[in-house]
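Order of writing sets the chain letters: A, B, C, D and E. Residues in each chain are counted from 1.
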Amino acid sequence: MSADDYDPSPSNEELEAHLQTRNMVVNLGPSHPAMHGTVRMRVELDGETIVKVDTEIGFLHRGFQKSCENVTWTQCLPYTDRLNYVSALGNNFGFLHAVEELIGLEIPERAKYIRVIGAELHRICDHLTATGALGLELGAFAAFLYGVEARELLWDRVTELTGARLTTSYGRIGGLNRDLPPTWPALVEKSLKKTEELAGEVEALLSRNRIFVDRCRGTGIITTQDALDFGFTGPCLRANGVKYDVRKAKPYWVYDRLDFEVPVGASGDNYDRYLCRVEEMKQSIKMIRQCFKEMPEGPVMVDDWRIALPPKQEVYSTIEGVMAHFKLVMEGVQVPAGEVYSCTEGANGELGWYLRSDGSGRPYKVHVRAPGFHILSGVNKMIEGRMLADLVPTFDTINMIGGEVEQ
Amino acid sequence: MRLRWNVIIGSLTIIPGLLFGGVATGYLLGGLADKHLFVGAHHLVNVVLLLLVFVMVIATALTLAERKWSAMMQNRIGPNRARLPFLENSALSGVPHVITDVLKLLTKEAFIPKDASKLLFNLAPMLAFAPVFALFAIVPAGPTVNVFGFDIEMVAANPDFGLLYLFGIASLAVYGTSLAGWSSNNKFALLGGVRASSQMISYEVALGLGLVGMMIAFSTVQLGGPAGMSDLQSHYLPGWSTYLGPIDVGVPQWGFLLQPAGFILFFAAAFAETKRAPFDVPEGESEIIGYFVEYSGMQFGLFMIAEFVEVVVLSGVLIAIFFGGPYLPFGNLWLKSLFGPDWQWLYGSILGTVFWLKVVLLCYLQLAIRWTFPRFRYDQIQTLGWKILLPIGLANVFISGALILWDPSLKALAIAGGIEILVLVALTLTPTPAKSRADAHIGHHGPVDEHGHGADHALPAGHH
Amino acid sequence: MDHAHDHHDEASKPTDVRERLFLPELLHGLAISTRKFLRNLFGERDPNPQVVDRTGLSLVTTVQYPDEKPIYPPGYRGLHRLVPREDGKPRCVACYMCATICPAQCIYIEAGEYSDDDHATESRVIEKYPTQFVIDELRCVVCGLCVDACPKDAIRMDTYKHTPAEYTRQGFVYDIPRLLRGPPVTHPSDPWYKRGSSEEPDHVHKEAHTRIGEGLVPLKLPGGHRVEVDTSNPVAVTKFIK
Amino acid sequence: MSDDKKPTAPAPSAAAPASGVPATAPAPIAGAPQSTSKPGAAVPPPPPAPGAKPPPKNPGMVTFTVDGKEVVAKPGTNMIEAAKQVGVEIPYYCWHPRLSIAANCRMCLVESSTSPKLVPACQTAIAEGMAIKATSAKVQEQQRAVMEFLLLNHPVDCSICDQAGECKLQDYYMRYDHKSSRLERISGIEDGPGMKVLRNKRKVLGPTVVLDQERCVLCTRCVRFMDEVAKEPQLGVFGRGSHERIDVHPQFGELKSNYSGNTVDICPVGALLNRDFRFRARAWFLSAAPSVCTGCSRGCSTFADFMGQDTYRYRPRENEQINKSWMCDQGRLSYKSLNKGRVLQSVIGRGADAREAGRAEAVKYAAAKLKPLVGSVAVAASPVASNEDLMAGLTFARDVLGAKSVYVSGRPAGEADHFLMMADKNPNRRGLESIAKALGLNVEKFEKLSAAVEGGQVKALYAIGAEMPDAGFAAKAATLELLVLQATNEDALTAQAQVLLPASTHVEDEGTFTQEGGITQRFRRAYPPKGDAQPHWKWAVELAKEMGGSLAWSSSREVFRMVAPTVPELASFEWDKQAPVNIKQGISVPAASADGRPPGWREFGAPRVKGI
Amino acid sequence: MSQWALDQLQAKLPDALEERYVDRAGGHWGVVRREKIADAAKVLKEELDFKLFISIDAVDRLLLPENDPRFEVVYFLYSVSRNEHVRLKVRCSEDDPEIPTIRHVYQGANWGERLTWDFYGIRFKGHGDLRRMVLYEEFKGHPLRKDYAMRDRQPLIPERPIKDIFRGPGTNGAT
């Protein structure tokens, strides 16, 4: 259903002419069930129709950049986990990729594969959350819990991989903290099967359900022109039919060796965004399976003590090890002075990093181009003139994550 | 594949047993009342038993069932933390939560916002609760049987304007919600109240139209009594019945068979009246939280319990009108003949139990719908009500009327209904073709510059 | 029965009669939830803490936390512990590495010096020890960098449990008595295996002028053979592959 | 991180080649081929004729190249320093600009066009036309080998070594080696320790210094310092080969010198450690502020190393005129008074009536008490206070209190020695005298005040600083009707004050001292004042304001700028250009940052653990 | 990378680029004259097909060796058809931190410019709605400037009086 249904004809205006009406302004958020994270939307309503939206963020602002500028490059990692906390690994690895590009460092093959696996696992988690929450906030609670159930299974695997389910801190400059657990691939395969099943159920509950379709199709539309203008990337841009995916456009790690497709939509509405996400999950599952098949044995960390902490036994028993260890911990990895803009495909789109180093162990400037920020900035284009209830699915399909928007 | 036999056996024995005991008590007490007080005194017993015991107990149980059953549908366990003092090792399937809920609601502060209209604010929960509660008065929960020489009706009241009472009282419920929304001095509540009132008023039309077909078919608006809709459904379609040994079988003239469209219409409209998902926009917990956003404690509890009472009442009404009331689809006569004249209350109690079991099943259906379906948008509800349900209802009345005129024995109506049901079933069972709109475009991937596909090629969708 | 009412333009029209009819797809949905409902209602739940391995009719994936505990995988980052030596004192030498790398700055250390009259040879060799070692678990972000940064294997997060709830903020401030727990850990490279005290070994001094290289003192290992690194708990430290 | 920086060669010579190169802003490679002809030009194109020296390129200067970059230096300049001019760092351990050259660490070996072998940069004289390669593969291999050799017997001690963070071994290891150990492990235990020579790890050399012989790289800087600078040759090298070690000469028994702390400063590794600083803080947490030692009237330039609102140590700061690179142990320990025994709260009343008060209340109270006594208030000023404090305080005394003369208090005289320590223990006597003179106040001896108080002529006293040369003065002060005292540290006199105003120390504010030789030095603020303390000048400004005067100064810089022109000795001092601006930040900046919390600090404290 | 775009930009707007260089990772940068940035953005978007707005931020060069002028504002744009990022830079001094807005060229620059104003205090001329983005209006200073200390405290501010626009039964509308 589109906004045309609310089209006050001249006769209506005549009827209401003698009534002194004024638009109602309501605050959605910062504490509101549909405002993911804590966003405040000052919504001006004419009846049920949104006349004007003023999005106000900052309630979850954590000073990401300032914090990063005052710690070593390694210490930034826990901060990056908390950007898009649903897909922490993607952020984690994205940041490391940028730092490695700044150093000019090539990481070991196996680490590249594991990074792809981790990033794609978390992409699935992110999309499961987005699609599930879409169901939840439209009222279909079951769909959400099926999505979350699958996500939990994957997070269990992430726990086995990284040691924590949400805030992973798994990557390190030059590779990874540790190798895969030995039985991990089999568990992942099992979880992926279950995920496929559950995601299929979510799809069966939603995709063709007329109520759902009516709620999503034709709502939250953004034109391609506007989407590009606002800097939409990821599924939100692809729902408009623009085939821009960093994994294809500028392949990093091993994406150029993987066989996957990038789903695109056509109309840029909530429904297409939803379908894009559903399809992307399938592609991600495919990629993970390929990675397990092709992954070589070998180290997961570069062997250079100026970058990587020495192996623990070297630290315990040799002066060389303990010195490198101390220097790395005290001063951080000495990233050469320079600047770089590097991007990876985060769950919500292009996750760009503009890093600047002054040659010391601490970043001079860490700018993160969080995809969610730009998408949220265009949200008023998507819902002004629409109904209040359309705000809810729109917020879900853009997968607004407070952490990355407000940094 | 281990099964939980305790649950299976328990649900097969305890629930029917309890229901049976309750109904039997009702009949016997009714008979005693008539015998010792005055004729018709059993209606007083029914008021207490049906409205205060059955409806309230089931509604209260639904507060738990809503959570427990939804958990089952969602691969969860559901509430199981509350324990009774001496049974600390057993969760008792979460039953103690009912008690703790009540305790919590009673002991919480009843908060009244500053600038709220206090009188109306306090009045609204009562206004929301009372009408739904009164609705059940005309729903017959069992056959009329002879106990101790008196005809005992299992209904609180049996006015000859039956359904009109239903419509009348049902439309009163809107006051509670709209007053609650307005008096709270909260914009979200106000939005909810406005949504609720417009929705409830709109759907009364569809609600009425859904039943017109049945009224025409049975030529009555009464529910209970021998000429009421409930009892009429125990009859078979003329000529389409036979005996298998002692058991009578045939095609019963249930409203569901005669009027499937009317049933769906009425069901949908009644759902909208109860404001439950997918029609819960007045509540819309992810959008505006609802008209009762400012309520707390037992005042909120009243809104909540009113909703569950509505669920029970709606099930009762649906069963009385469309699912043969307390009667089985076949074998009613045989069942009646099993019991001697002095034991007719047993026959009544069995059928009463059947009625309540049907109610529980329909309650499950409503809960399943609530937890599975997304919610409509406010304007889509209006569209559905006025642009879809209303024309269908009118067409249904017209076609049904014509069929009844053509064939007063209702057989033609039953055939038409059967066809409708078959079409629906066929459509549901055919496998779903793989579909997603994005599919059409998958494959346009690869390095973007290869395609040279500029962004401006994409559709400027959505701008009509 | 045809509910499909055209209120979309062509582009966004429902494509399928079933979708347009509302009911078939709604019934599909109901079938899914009812199927799960029946399976979960009548099926016995498998309480296997590894959720992905659960079998049976019931699909319930809940882990009833205090009653059923999930199995945390090796390397799981739980509550910190200060690793004790064999003699029960912390391995920590107050080098401040963990306090330095901690992004949340939740570790507070004060260092002290073992006095000369301390009779434990280990202590005399180590010289330095923490008089205070405090972790504010409320500030901790559980990133595990402290474990990475420890050059003595003295802090670990292999307790496989979370920080328990407390009634006061102060309760989350863990000091040495609360942190010092778990099995002791030894490494062959620990300095007290190399020498008895921080003084110059006597014979080294004597032989210094005669033969170079005699200063090498054989490792004095407990039990006369090599020390095994404690492996009962997986070493939750960074594993590098060189 | 100890930086043995010496004032670099005069600017004109360094600027000469720079001006020749056109300023090419965006050029990708900054004019590499412009100064030398070809990469192969290790030997200059016209080979020098044997015996005949080529004519110098810059008359009076020596011109040679380091890594292809042309260096012009005065004859006799050390090669390491000359290379630093063009940004080439040559690593070294044993070399120190103020000590004789030992050339025993071999770290500074470079390739020279004048020698077939590698030559030590510290020892080799620069020569005209010489071409030095400080970063060639051969040199790098040599540096790596030296590092490996130095680390061969070095214990695995960074964890307990105070030097970690400012250790040259660590710095150079990361820069020139960063390879793993090749030391054989004890057989059978792969992850066991390597076989290293054991020496004494905790040899207490004296009251100040403790030695770890295992960590020592035998650069002999400490021995040379004691011999050449302190002129107390107490240290020596003993033993042979891998058993060589530093120790105290037997006849001395222990290292007992007022300058032994400097050996710790110049030790490039963690072998010599200060017993006072030992294990108290990690070097990388400490920030350093340029400061001045207030221990005596020498006024040595120092760095005050601080974390949070505590000073942890003083380190000498380069000052060619006053203290070179050294300072005495007594001065080194004088930082303790900055942390301990401080007056941090205003106190009103004396004896039993004393109670703590806020700043505003104390000022109001003092003003009310002083007002009726204007004209009869005696003024005492301590030469421990900075010039700015005295300027403001004495201006207040003259203009508002109507004082005609000032009594000079201050610490009593102590012992002096042969090198740096002076008998006068007050850092700013010269400053006080000149300011008082400039303000038209008579400078009076303290004995006079003492006598006047005893005799009852002086009933009220306004004192800037509580340091009194006469230990018995506190008892006499008890007879005073009014004593308004601005004090940094508690002593006997503070108990007698009617109004006690907490004053900040010199590390808590910026300002200047004029030392005995008349040299004025500026010190910078390390951290904000502790507690309720504030600088003397600020108290004076507030008192003046309360009493109806007008001293409208809001910073010590302003005080100086307003008053100094009238003081002939200070008029030419360029306040803004003195003292290095760059305060060294601790590596962990946030750890010891603005609001002064060490890592992990929490407001409600933590249970103290004893005897684990 | 983006060399083509800068070449084209130079050809079309000869005086726009002040400097060009290549960073460590091989990215080409163009330093645009301050007054030309809006024109450059327009050319890039409309003539060179850099339609996708990527990001905007600033750098405070206070502590870098080369720190005059103090601020650098960085722009990133992307062309889907050419698969190319373009990196632009505008420099402005501390005394006059004002740059023409590109909000009318890219709508996405709205929030980015507000964020830059918020964090660095760089004004964008013609923006029209230059409010703070994540901090509150009463915030003193601009936190990402290098001279804003890590743990600077902000003064407490009184609660802002919020005028309710529409009331229910209590006060009957107009307030």
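Rule of thumb we're sticking to: a residue touches a chain if its C-beta (ideal position, glycine included) is under 8 Å from a C-beta of that chain, and two chains touch if they have at least 3 such contacts.
This one's a predicted model, so the numbers in the text were calculated from it and none came from an experiment.
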Path length in steps (a step moves to a chain that is touched) from chain C to chain E: 2
Set of chains adjacent to chain C and to chain D: A
Winner on C-beta contact pairs when A-C is weighed against A-D: A-C
Nearest-to-centre chain - CA centroid comparison: A
CA centroid of chain B to CA centroid of chain C, Å: 53
Centre-of-Cα separation between chain E and chain D, whole angstrom: 43
Chain centre separation (chain B, chain D; CA means) in Å: 86
Chain B, residues touching no fewer than two other chains: 73-76, 187, 371-373, 383, 432, 435, 447-449, 453, 455-456, 459, 461-462, 464
Residues of chain D touching at least two other chains: 155-156, 158-159, 164, 191-193, 284, 587-590
Where chain C touches two or more other chains, by residue: 7, 9, 11-12, 16, 18, 21, 26, 28-29, 32-33, 61, 97, 100, 151-152, 187-189
Sites on chain A touched by chain C in the complex: 1-2, 5, 67, 71-72, 74-79, 81, 140, 142, 149, 152-153, 156, 159-160, 163-164, 167, 169, 177-179, 181, 187, 190-191, 194, 201, 204-205, 208-211, 213, 217-218, 267, 269, 298-301, 303, 308-313, 315-317, 322, 325-326, 329-330
In the complex, chain A residues that touch chain B: 1-2, 4-6, 24, 26, 33-34, 45, 48, 135-142, 145-146, 149, 203-209, 211-212, 214-215, 218, 221-225, 228, 240-245, 248-249, 260-269, 271-272, 275-276, 278-279, 387-392
Complex interface listing, chain B residues touching chain A: 70, 73-76, 187-188, 191, 195, 277-278, 280-281, 284-289, 371-380, 383, 432, 435-449, 451, 453, 455-464
Chain D-touching residues of chain C, taken from the complex the two chains share: 89-90, 93-97, 99-100, 102, 105-109, 111-113, 125-129, 131-136, 151-152, 169-170, 173, 175-177, 180, 187-189, 191, 193-195, 198-201, 204, 208-209, 212-213, 215-219, 226-227, 229
Chain E contact footprint on chain A (complex, rising order): 22, 24-25, 57-58, 61, 63, 65-66, 69-70, 101-102, 104, 225-226, 228-231, 233, 237, 242-244, 249-250, 336, 338-343, 350, 352, 354, 356, 358, 364-365, 367, 369, 373-374, 377-378, 381, 406-407
